[in-house]
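First the structure, then my questions, so here it is.
Letters A, B, C and D mark the chains in the order given here, with residues in each chain numbered from 1 onward.
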């Protein structure tokens, strides 16, 4: 994931630091604290800080003076109840902070989730590194014919090589021209003393959307679950889904009871309409139901049959 | 502040728990962690958890891989710069969680700050304790004649005693009737077996607005500063200002550099209009300026003179 | 609902005003614009302003230059698709503003929805009217034995009369003492010249929680639907549900296509967990499934059977 | 600003539509409703819808039954008072919706304001037009030497032409390759039947950051003022400032009283720290004050002298 040796050393130094605290601690998450999890070709996600644990959800739900918890089993029962009945505020009492490195076009999807705190590396103030995303061959997918925002089969042969070549060449050339416009090295000295150098805030516009950026991103657990339910979903674009998948791993370490409840009630769950529910009641009662009689349109019928693992 | 011995024991037990963490720690805040600070006659504020420190602000501003900090002096310079120029996002990277016990009429003002997470003790689900706020004699203020939402002189003599008596009697009677309607003890058993007992969610409507409630309240540092700038302000109602004052003490322990910058730039600072600025430029240049010539209306003029410690 | 003749005249005057606009208009909603819909004994909800219509959702989803709409049928198809697949942002493009009069204990539940704009009548600045909520006899419910935040059978006979008497007497006495403490009439003149009068911001604490307050409340359509899905739900407290029901009527006038999609997919819909979905698949396949084998706990099983209209 | 004739016709058609409404109307804003205001080389801002006017702010502040307004002079007094004393909630009662076309690197700054509703044209679902931003010669600024995120002198001669050439060539080539990868025309037909065509969601990553995108953007007046105070500020990047400037024009038409109050108290106003205020008090009293004695650091001193139009 392209850490410089200086960055690696900074991370290692911070991982060495230990202190005693009275706060709730989660050893399984502490294990990976600060450690980058590689995502895509140059990206990563790493947990920088966290507040609370499964117990903090229980504490908040009970507005308790002490730990608020009794037995693990009780906590699991309560957390599952809260998840099932959409009592969201206790989950807001936990908070997590990530450092993420990601392509700009992924960052643009990600930032649409507004209930988070963000500090992004500023290309107005600083110079971006030469790092851009190139899809792995098995992700070089054709446009889906049935779904306007989906992927079809993987490109192969000449078409695949040509696409990869274009992506690489264009990113390389744009970055080289970015540097040429800037006319400065990382210490801010002119490369060519005869030229002034374009303002950083302007030169950046020449970069391609697969250029990597990075940010600190902080969010409460309830909103993180909402983010993950959308972005770890099979309909999400692969390039953001792999970040969500990496974050699911950190979620499992951080709040294992909540993780299980989330996987059961949200990720693996399904939202049925009143119409779909009627169809199911009929089926359970052994009545034959057809799309035509169901009141569902063809698309809804197809989606329902898929949910039930039945042929449409 | 009316902790039961059971609550006191729960707090003490939690304060005894220690664990090792790789996260940023603030010993001065750990000292008072979980410990209630008394506010008003039965209320309190206590810090339950926190995330980040002054260094985390610097880290976020630099989107750094390690601590992001160099020397204390640099950090202070950067934090002051951020505060002065309204760069608010790095302050959002710290988070704090309080447990607060407060009268309902104060809770109603407080909750207007929407950028926080809240879990309140539910009077729909549970029974509220018999605790209500009665102002101390020196806070029993008359209505201000000049300011519709301000206080005048302190009430004295018979009027004062009569007011206190009414407040006490009404709260007592309303609470006693609340219990009578509920007809159940804390274990949920009927007091008078011949009656059904009114639903908790209904009976609570009989309580007066000075009844105490409590909640867990979690907020990021930027929004906390905004809350404090409004609620620790002399124009805020005394009964919420004392909570803000107690929280300022926790702020000073938690992020001392930010605290200083906040006191200088926000609490002690002043927002001048373009018109007021013109007046000041004239004054600094030694020109005599009058309200009439200034373009300011009487009220604005009076406010400006007050800011400059001059007679209007 | 206790409008004064002056208030009635103000509303009538505003209803008479007409102007020509290029904006999207909804005649069915204009019909009831400004008109209060009575709720509870003294409360109301009235629509004060609105922005957008069903077409605006379609327009936003398409980021179109013109109306963005083709045929009513297409619009309905798109809106149903958006609702089904949780594409929420187009619904945020419509906005509605209500004026609501409601008991304080209801206001305290309502305000927990943070994604709205609120201006409440200030009891710090002004004097509250003598209006308090007393439940109708058929709403005077006992505490549920099975559900800690639910209602059981209706109270009857002496117990009912006694509860009503206590509610009335306590509200009356508290209000009378509030006035006594204030010692001023509505023009701000002292009633008893020998007394100073307690500050309004203090005197209000003597009122009971069933006292009516009022506010302007503005929200976007997506967040309104979320509010209604929680508050028009059978598990919501009756006293807030009746407001939600009144607002559903205004929703139906305002955005009829969205209303239908909402009733089908959200109000009438159901969220199934992965575990519950497995049970249903088994049932549809004709396999006998028992709670014990299902992996669901008793409560989940009972809830699932209720959803399917089957005996547990 | 590159409207197609079809888009122009759609806008004209919508401008022709009139209806009668009981809602507050603002004729000066209706005049320009739907009409694009050109910004940069291909961008625009246009008002699509609005809710409320200056009177609605007054109405909300008074929680009134009717218009809530008395005389224009009273309204102006109240609005100025609210602005001066940071009473922000009444301004949240007005709402405006814009359709904006803007370069992606500007969109990335803009979206950082989270308190707005957004629907962006989806490059995952659709194909972006070939439109990219090239700065006008007088905006081709060098990097500032003193301010890391500022601009210096304008580039001239060969350097200027070379920069413009690179920007144009790279954008052209990247767009041409984008089309080549897509291998489909606007009707979705293959250009070259022998190739599959890369998924839209992938191909877009090859575009440069000066490519234009567009969105619907809706915000309440309070948050709009906050956005404008940051983005119409001289320190904002020119390419976003021109959008803010265009929006200030629409603000002036929409809520002229609020506009004046905003220009006086916010845009033309200044925030002084406690330390700076002490310096000014000394100066007004005729005492000579130097940076060294002031307690301000050099940068703060320089900023204060600039505010006072004095030499540092």
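As a convention for this text, a residue touches a chain if its C-beta (ideal position, glycine included) is under 8 Å from a C-beta of that chain, and two chains touch if they have at least 3 such contacts.
Nothing here was measured: the structure is a model prediction, and the numbers come from that model.
**Q** Could you quickly compare A-B and A-C and let me know which has more C-beta contacts?
**A** Most contacts of the two pairs: A-B.
**Q** What whole-number Å value describes the gap between the mean CA coordinates of chain A and chain C?
**A** 34
**Q** Rounded to the nearest whole Å, what is the centre-to-centre distance of chain B and chain C, using the mean of the C-alpha atoms as each centre?
**A** Inter-chain centre distance comes to 29 Å.
**Q** At least two other chains touched by the same residue of chain D: list those residues.
**A** Counting only residues that touch two or more other chains, chain D contributes 89, 112, 118.
**Q** If every chain is a node and each touching pair gets an edge, what shape is that graph: line, ring, star, complete or other?
**A** Topology of the interface graph: complete, with all chain pairs in contact.
**Q** Given the complex with chain A, which residues does chain D contribute to the contact?
**A** Those residues of chain D that touch chain A are 103-105, 107-108, 111-112, 114-115, 118, 122, 124-126, 133, 135, 139-144, 148-153, 155, 159, 163, 166-167, 170-171, 173-174, 177, 180-182, 184, 195-202, 204-210, 237.
**Q** Inside the complex, what are the residues of chain A that reach chain B?
**A** Contact set of chain A toward chain B: 3, 7, 9-11, 13-15, 17-25, 30, 33-34, 48-52, 56, 59-61, 63-67, 89-90, 92-93, 95, 97, 99, 117-121, 214-216, 218, 220.
**Q** Sort out for me which residues of chain C touch chain A in the complex.
**A** So the residues of chain C in touch with chain A come to 77, 81, 84-86, 89, 112, 230, 235, 263-265, 267-277, 280-281, 283-284, 286, 297, 299-300, 303, 307-310.
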